[in-house]
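Here it is: the structure, laid out below.
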Amino acid sequence: MDTALFTANNVWMMICTALVFFMHMGFSLLEAGLTRQKNTVNILFKNFFVITAGLLLYALAGFNLMYPGFEEGATGFFKFAGWGIAPPEGGMTAAYASGGYTWWTDFLFQGMFAATAATIISGAVAERIKLEAFFVIAILYVGIVYPIVGSWQWGGGFLYNWGFYDFAGSTLVHSVGGWAALITIYFLGARIGKYSADGTSNPIFGHNMPLAAGGVLILWLGWFGFNGGSVLSADPATTSLVLVTTSLAASAGGIVASIFSHILYKNYDLTMFMNGVLGGLVAITAGADQMSTGEAMIIGAIGGIIVVLAIALLEKLKLDDPVGAIAVHLFAGMWGTLAVGIFGNMASTKQFMLQLAGVGIVGAFCVLSALLLVLVVNATIGLRVTKEQEIGGLDDAEHGMSAYADFSVSKK
Amino acid sequence: MKKIEALIRKTQFEDVKNRLHEAGVTFFSYWDVTGLGNENKGRVYRGVSYSTSAIERRMLSIVVNDDFVEPAVQAIIEAGGTGNIGDGKIFVLPVEEAYRIRTGEKGGDTLN
Amino acid sequence: MDTALFTANNVWMMICTALVFFMHMGFSLLEAGLTRQKNTVNILFKNFFVITAGLLLYALAGFNLMYPGFEEGATGFFKFAGWGIAPPEGGMTAAYASGGYTWWTDFLFQGMFAATAATIISGAVAERIKLEAFFVIAILYVGIVYPIVGSWQWGGGFLYNWGFYDFAGSTLVHSVGGWAALITIYFLGARIGKYSADGTSNPIFGHNMPLAAGGVLILWLGWFGFNGGSVLSADPATTSLVLVTTSLAASAGGIVASIFSHILYKNYDLTMFMNGVLGGLVAITAGADQMSTGEAMIIGAIGGIIVVLAIALLEKLKLDDPVGAIAVHLFAGMWGTLAVGIFGNMASTKQFMLQLAGVGIVGAFCVLSALLLVLVVNATIGLRVTKEQEIGGLDDAEHGMSAYADFSVSKK
Amino acid sequence: MDTALFTANNVWMMICTALVFFMHMGFSLLEAGLTRQKNTVNILFKNFFVITAGLLLYALAGFNLMYPGFEEGATGFFKFAGWGIAPPEGGMTAAYASGGYTWWTDFLFQGMFAATAATIISGAVAERIKLEAFFVIAILYVGIVYPIVGSWQWGGGFLYNWGFYDFAGSTLVHSVGGWAALITIYFLGARIGKYSADGTSNPIFGHNMPLAAGGVLILWLGWFGFNGGSVLSADPATTSLVLVTTSLAASAGGIVASIFSHILYKNYDLTMFMNGVLGGLVAITAGADQMSTGEAMIIGAIGGIIVVLAIALLEKLKLDDPVGAIAVHLFAGMWGTLAVGIFGNMASTKQFMLQLAGVGIVGAFCVLSALLLVLVVNATIGLRVTKEQEIGGLDDAEHGMSAYADFSVSKK
Amino acid sequence: MKKIEALIRKTQFEDVKNRLHEAGVTFFSYWDVTGLGNENKGRVYRGVSYSTSAIERRMLSIVVNDDFVEPAVQAIIEAGGTGNIGDGKIFVLPVEEAYRIRTGEKGGDTLN
Amino acid sequence: MKKIEALIRKTQFEDVKNRLHEAGVTFFSYWDVTGLGNENKGRVYRGVSYSTSAIERRMLSIVVNDDFVEPAVQAIIEAGGTGNIGDGKIFVLPVEEAYRIRTGEKGGDTLN
């Protein structure tokens, strides 16, 4: 391959890497905006931790756990290529990845992905988890569970060999994060005041909608890199198709979720619009390169509806997810993965069963791992802050800071 | 001297302010408070329906000489009322002394 | 053309698409920041609607209305290539657009542009328009009026054939949005409290300057894609020139507007600085590829002055535009279009007359369309919320939400 | 060189330019977030001034002062290629810069860098400098001092000829800004209330942590362009390595600073985490293309520690830097420059001495220039606002505005 | 009629509100204030250690008829106390008159 | 017992607080309010000139035993005054009872 094409491909992949990095800002703002002011510093701190520790861990072990290079047709569940990272022979040449990118780009792109899974947990457990408990869960989950699951498909493992398809990670990234979030909040319990003694739900309002809305728009932008980079080259036809399906699914998800929630609840709820956009994005992620525009819109639209319903379902089950992370990443993620068997170029009953199997196996593994992790943390460090700390706010309890210490509002 | 504490709808503030000015009351302080009263709104947030009796209100604190109490109260009632539940309350409290910080002088003359 | 160049071009165009998408975040923050807190959710909701519905509409009909492919020398005002979108034969090859981009990229880049026009309206009508009324106006204007006007020039229609020049849309995007904004606020009327009974103007303050400032910086960034992508390839000489002229015009517009408004009003008004930057950007848009650096600075500087003066003029005429959208997009847009006949490579009396004609014809068509649209909406749904809703705020009235529900400010 | 490679290179460089531009948003948000609400408009205004005036000045004179083209082996300290900018013969062809970029891209990339130096000053002097005094200092420093220093290395001057190495500007950009910041705050004095009469330090809280945190994440994103673009082409191996070392240094800097400050002060201080990330970024900047991943992490980690210590040191010396700009840009910048002689491909005693010499010479020149500038400004316009203006806030005193004029917080 | 001014911990607000409701006091206004008192916290910010006696509190303003004073005060003491320094204070002030803005009526009947 | 309500410039707050401390008054609550008074500033915003009499002020609420009234008022006047229009006001109101929430005790002893 000629240097020019290799360079153009690598430029695209580096930009996509930057965009996926930027998603961490999107997550930070979204989570901070949808939660209460007294926990804002805590949420930002967790997000800074996730991206920095996530990258370091991925350099230390994650990458070599995820891309260990299973042999052709290998059946193992686990392989480790060694600590640390060092480029292989020829890793900087067009020979490395059919000219799509260099080995360094590969590492960094994948490293930015890894941290995402932890961020999903961060949103769901917000406002009551102990900081140290979160550190441990995030480190082990991102450092071990995520790469192992990833290796089964993207590392050329057994899921890949079976023919499971997950383009950019509806299951491998979003559901993986979503399952851990679900398990953790089950053991963590709801925030004080979320459910009254008589069983009724109470709303707990986010403190800053412009932050949250900005976060969603940044996430959409970041998805250009998340899905666009998953083409693993700058191939004009595929990358541009992927951006189109991604954007149309996001649009359909948002519009449909807002209409659907308006029908159900008779108000134009901005947070449902935002969650719908994210639901559409997560849903299209598994098959972004396989769909026509019409199919992308349908998948996104159903993603939007699923998010609205899942939020209601979790509410009924008294599973308290302050930012809707589980509805968006787990439910829409599963839907998107299955949709690859229903719509698009790969649609077939066989493919659907494969997708179902993939969703099931990954789900089972994640649930078990998360269970183990959460129970151990709960038994040792403890998962949850004290009642006093929670009511007083984590910013005060864990950081001795206030997010808006100098803010005042008397007029003019 | 009396202190008038009026809890009004934020939306009526401009009208009340103007009517008070007409009544000769141009000095006062105000801030925003949350009120629990008879008014009640049904709402839905992220699919959770709830009803709130906590409403945003503006608190006016006006210290006046005795002869201004009646006109001030009337001004607030006229301009602050919409006829709907939740228009708010006015309370009158006794004040024993007033000082002007700038000059240190005290008494009813400082109230303007 | 070789694949590598095609790929590099398409990468650039996809990035520009992403940047234009990002402008919607810029608009959202700018509009939210410059208006009152009680209408924040409403403004964000409208912006989410504009971008999502805009893209879906553009897929449904807009693109085929705008790029219907007029025959060489055709004189029609209107042509429609059919519902939905499906790539033409060879749309993914270098043959499609001289190797500049694929057909999918083309669609998405143009689709991101389309939504912009509606956003311009959104800012001007903020704080008192009925949500449903805005939906209808935005849908019809973006779905029909914008693409028809666009087809006259960028679709190879009669303006193009005459020799009218509008590089990236000072007229075709910004003025088109600006005219509709002007007509709509004329019928909508000013916000309660903006003008006293005795005719004096009152200031109505925005609630969040950092949001607004961030919005402007994001818009500037987005303009790299807006103008840079309008080159329709990554041609090094032209794209890099365009980024330089764009940035210098923005700089000159901002500096000059802030100095000029300091001379007039004796204060350093940040909002004037911000509007000046935007005025410079809009002004250079029509001729960004035709100007020298000096000319770009002059065009931007005059754009900045025009914005300051136009804001004062609209204020005098009691046309209430909360964010200065009309001053920026309509006035600076007209100026920029005319400037192509005065400065740069194409300057000539003939060109000036052509530019004038284009501005006039587009203006007339937009005014008439907007008039029709607004009058029909006014007569049916009604344009404006009730007095009570407006005073109580649209967030409460239309969404039952508050943008900062959990915010509090007692110290430490 | 073939057009395709030239185009791909130039695309990368334009994107990097856009990212460096975006850093100005990062700086704006960071500085605004870490200072008090009453000075928010003022800080945003200064940042708008810096980027707009900075670009115009760079077009007027800076570029030609920085890249005057010293003759092979020339020993001059100063050369000027003339007012204004106009592309040289062949400036738009692959011949100009070995196909890395066009002359226009060159100008704009460098222009975005130039403004950075002034922004560093802006943060340190926040909350008490006179607006006009800042204008003058920023204009002369960015217009003259920065380009002259730059010419010694990047313009092919004597430092370059000696073999001094500063990949992307730990010294040439960050320390240059940092020295001026240091000198200015020395003469400016601390903010009222920062140090009590009895010598104790008092904390002055920032007013908006989400803004500050968002600013840091944007800066990290921007650094992809700052360091990535300093490769001066899209060479896959080097650019991707640079992004990896940059990100790992940032991660290590953040994590280590937060742990270190937790050890020292027993709290999880978000602002230390953020400053640590920035310290890591600044530190790796001088040798981002010379380090292995392990070395990058070490350099970043030490950068994080240095930032925490430098903040404490300045506090002891009663040098009041509201945002930690000097700790980050000057101290970590010097460390990063020296680290090129200690770690990585170039490590050697000789190189270390060269690095030391470079740091020293640049430091001396910057200190002297800043001294001259600050003393003249102090003697004429005066550096500092009045006590009344400072207590009342610069927004009111200099702009007659409030950043959150319409904000209120009563519930629901 | 009396005005009860209670300065409580924000964290006790929900409990106090509920206990007041049980005591028949459902109408009042509140806002957030900063309190200087006995409570004191040691803190570090960017390496600077400091101690603050400025604590965030919620101020409740409740105007009641005389026979409600005792139950309301007891309700607040019971629900607002944690036993730690800094629980806050309750003050009782005389009120001379009360008006309902909606109807213009005055007297003790307006207080509900 | 008396309640002192002082409306001061925010910029004088630190001085007032320190002077009150010297006068032995270390417990009080404060919040920010908007004041309409004699002070008036001319302003321009986006080219629209306007004048505002609405100024940001800080409200101090201090309940003290009778013998502290005089020193407290003097402290505020001394530290709160700048000599310019708009320095603010001090009002003294009667207080009938005070309680300490933590202990439930009442009377003047609770005021410290």
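Letters are used for the chains, namely A, B, C, D, E and F, taken in the order the chains are written, and counting of residues starts over at 1 for each.
Rule of thumb we're sticking to: contacts are C-beta pairs under 8 Å (C-beta built on N, C-alpha and C of every residue); 3 or more make two chains touch, one makes a residue touch a chain.
Note that the coordinates shown come from a computational prediction; the quantities given were computed from them, not determined experimentally.
Between A-E and D-E, which chain pair is linked by the larger number of C-beta contacts?
Greater number of contacting C-beta pairs: D-E.
Assuming a repeat means more than half of the contact pairs shared by residue number, which candidate in D-E, D-F or A-E repeats C-F?
Match found for C-F within D-E, D-F or A-E: D-E.
Would you mind pulling out the distance in Å between where the CA atoms of subunit B average out and where those of subunit C do?
Whole-Å distance between the two chain centres: 44.
Centre to centre, by mean C-alpha position, how many angstrom separate subunit B and subunit D?
51
With chain centres defined as C-alpha means, what is the inter-centre distance between subunit E and subunit F in Å?
About 19 Å, centre to centre.
For subunit C, what residues touch not just one other chain but two or more?
2, 4-5, 7-8, 11, 15, 205, 208, 267, 269, 271, 400-402, 404-405, 407-412
Hey, what residues on subunit E touch two or more of the other chains?
In subunit E, the residues touching two or more other chains are 31-34, 43-45, 57, 93-94.
Spell out the part of subunit B that touches subunit A in their complex, as residue ranges.
Answer in residue numbers: 31-32, 43-50.
Could you please specify the touching residues of subunit E with respect to subunit B in the complex?
Of all residues in subunit E, those touching subunit B are 1, 3, 17, 26-31, 61, 63, 93-102, 104, 110-111.
Name, in rising order, each residue of subunit E that touches subunit F in their complex.
Touching subunit F from subunit E are residues 2, 5-8, 31-38, 53, 57, 59, 73, 76-77, 80-94.
Considering only the defined contacts, which subunit A positions touch subunit B in the complex?
Subunit A residues touching subunit B: 201-203, 205, 261, 264-267, 269, 271-272, 308, 311-312, 315, 324, 409-410.
Which residues of subunit D touch subunit F in the complex?
193, 388, 391-392, 400-401
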